[in-house]
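See the structures that follow.
Heads up, the next two complexes both have chain A, just with different partners, chain B and then chain C.
Right, the complex of A and B next:
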């Protein structure tokens, strides 16, 4: 585990109403690292990300660069530099691509900076530039995923939460998307927590990985260790080592 | 090399349809909107010189309703909330103006910002608890506001004039204008309407407007973008109440009389119907809704004197069936298909 822990989650429980989904999760992510969360359907991966961005009830502690995040409202957490690309992308369908991107910068004031950031996003996702005036609901699934990530980047996040970015995308598009996530992580030193069904891809870009099952972390380690683990190989990578 | 295309498209040979097509192409949606606004303003300015005073009065009322609907559009069409009690804010603006004119003899231009501010503050105060509710619950609470208003107005007789209401002098046209009273009131209302539309337009193009749209389209996503939901919903409520209050104030100027019976619950329902029929979230929705609210009841009366309410209700159903996005959506569809026909031509 990294010595310089940027995100520290201790004894975190979370859930919906009466239903508790996470049971005492502990994990930490180093500054500038990519951390992959793997696990079967219904394990609580989405719930973990929602707990980090304040969308569900939580118990326990979440610290980002030393400051407590737990039990703050989602908008307060967003203002502290956490950007969440939710499962299903959370696109504002009737708004244009440009309006969606500008909403990403909602927590920021400087006008010139926002313009510069729009250019930066176009650099990562050139296709968005050609679609600026188009209604976001008319984008293809892959384009919407790019928009969702681009929108998250518009807030200049310190922590980027990605929930199954590959969902519904062609393999080629998915690979391209992960390459860009890696580039963003390297160029902007953004810490990333990515939940992903495609374990291969996630482990390729991550330094650390954790396996979540029934709301508990059952395995943690470096990406290479997790890849080499026989159990993981059987359950998530689709082959026996 | 000289291709055939070059010959036929040469400037000397340009035929009329091609010129028409080029013209149609040069009219972008933005330009089209400005042209439409300019034409509309020109028509609006000439109306009071073409019509008899009663019609002038009716169009004045169309604008009064349009300003109120502009506010409701902000709340319902742009922020995705609901209010079944906007008649109450309209009434508050109307009474605020009436009381200022009646008790304090304030000059009438001053009553507009004050009445608007009073409605804004009241919207803020009532909106703060209300916006924590959703859908049906919010509808019910706003309806309750409209319901308890009338008895309240009757109760404080010494200020409000009780069931008798208050009668006031209408703003008189200054001599230099050479206008009749109905024309002067019309132009006053037009000025307020233009101001209100500019204000709403500016608001919607700002950061606040983006936040409202985000709240309407996806609350959860808006929140993780850093939009404080209670704050922006309350703000939408207050702004919306402010426009309704301003409309109420102008209503007092135009009618010269307020009484509790002018602001019964039906007014709130009619306003909501007006903006839904006019077109939620659209620029022209409030205007079309104003026309509907003003003229359809009197047309219904002509069709069937016994049951104007039935005709009014039926017409709402018909419009919603033919044009689910309201009259504004219908107008847009008609405009687009005419344009397509012209282009093919």
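Right, the complex of A and C next:
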């Protein structure tokens, strides 16, 4: 565990209606770190991210840089610097690429900064620059994922939540995407929590990793430790050590 | 030929009124997926407020501005108090709530102002522009101009302001809108406020042509439904195009189809609703909803 814990989750339970999905999750993420959440389908990985961004009911505590986030509304949490790129990307399909990006900066003031950030996003994702006037619905899956991440970055997030960024993308596109996420993390010191089925990719860019099963953390450690764990290797990496 | 053009112009004038109420319907449908059956009654109530202001001695245009402001606030309040509790409820529940709102507003207007008809001042001068055998009344021109201005303002709001962008984001994807920090509830209330304001304009345009009474918008609402159905319930530009088309179709049918005349004119919008739903349910400018499973 990092000494300087930026995101601290204590005894967090969460779910939908009567169904409790998370059962007392504890974990912490250091400032500027990438943290990977691994686990089988239905383990509660997506619910964990949704609990962090306020989209489901929660019990327990979530602290970002000391300030409580739990039980605030999603829009209030977003305004406190949490950017959630949901599963399925959540782009505004009928709106143009540029409008999608500008919506990322919706809660910010200062026009000049927003323009500068648009340039910054174009630097990470040059393909978006050529598509600014197109509606988001016309983009390919990979471009939409880039747009979703670009939109999240437009809010200058303190915490970036990525839910299955590789879903439905070709392997080459996925690799490129993860390379960019690592670049963003290195250049902007943005703390990242990434949920990912593709454990190899996630462990390659993460410093910390946690394995979630049936709504509980069953294993935590550095990315290298998790990679070396025999159980994980069998379940998620597809080979024996 | 001149007679035909004359009918066409009359039709456009009538259509502009339908277009403005259809615009109000579409504004609410876009943001909330709710078909607001009370839209006409809200417009009627706003018109009574305008009448009250003019009776109190205010000049017409000042009364108009005040009425629009009151309508905007009233629309937001209705969303917060009446609609918010049934947000996310099954469609039928919401429909019944707006029908209830219809009856409530209608009865409230009758209770406050009685069901006796009242004269409503026409803001436009009488007389007409004569050109090439064509006579276009100032009030027809005025109505068309007002609807054009309303359209233009809405366009500016939605395409060139940050609030407008936020409202379109809510219409496109409310969950994602929350994730970028937009207060979705307020945007929905804003949508209802805008719709009530646009509706108030249509009521004030209708009142001088008919008379002011609590049931005056009933017929107009049917035309507005036809306009919105024809143009597509999710397209503001479609609502206006639909309104103008319905107005022209109704006028031409009344003038040239012998058995329709002025008595059966109200059948025209109903026939339009029926045929659009049969042939192209999403309307001319609407997007077909595809449910992906």
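Brief remarks follow.
The rule is simple: the second predicted complex is superposed on the first by the 241 of 241 C-alpha atoms of A that agree within 3 Å, B and C clash if a C-alpha of one lies under 4 Å from a C-alpha of the other, contacts with A are read in each partner's own complex, and residues count from 1 in each chain.
The rule we apply is simple: a contact is a pair of C-beta atoms (placed from the backbone, for glycine too) under 8 Å apart; a residue touches a chain by one contact, two chains touch by 3 or more.
All of these numbers come straight from a predicted model, not from anything done at the bench.
After superposition onto chain A, the partners chain B and chain C occupy overlapping space and clash.
When the shared chain is aligned, no partner comes close enough to touch A:231: not chain B, not chain C.
Of the two partner chains, neither chain B nor chain C is touched by A:183. In the superposition on chain A, the residues of chain A touched by chain B in one structure and by chain C in the other are 53, 55, 73-75, 78-79, 83-84, 86, 90-95, 99, 102-104, 106-107, 151, 155. If you check the complex, the residues on chain A that touch chain B are 53, 55, 73-75, 77-79, 83-84, 86, 90-95, 99, 102-104, 106-107, 151, 155. Residues of chain A touching chain C in their complex: 53, 55, 73-76, 78-79, 83-84, 86, 90-95, 99, 102-104, 106-107, 151, 155.
On the chain B side of its complex with chain A, the touching residues are 207, 210-211, 213-214, 217-218, 220-229.
Every residue of chain C that touches chain A in the complex is listed here, in rising order: 162, 165-166, 168-169, 172-173, 175-184, 287.
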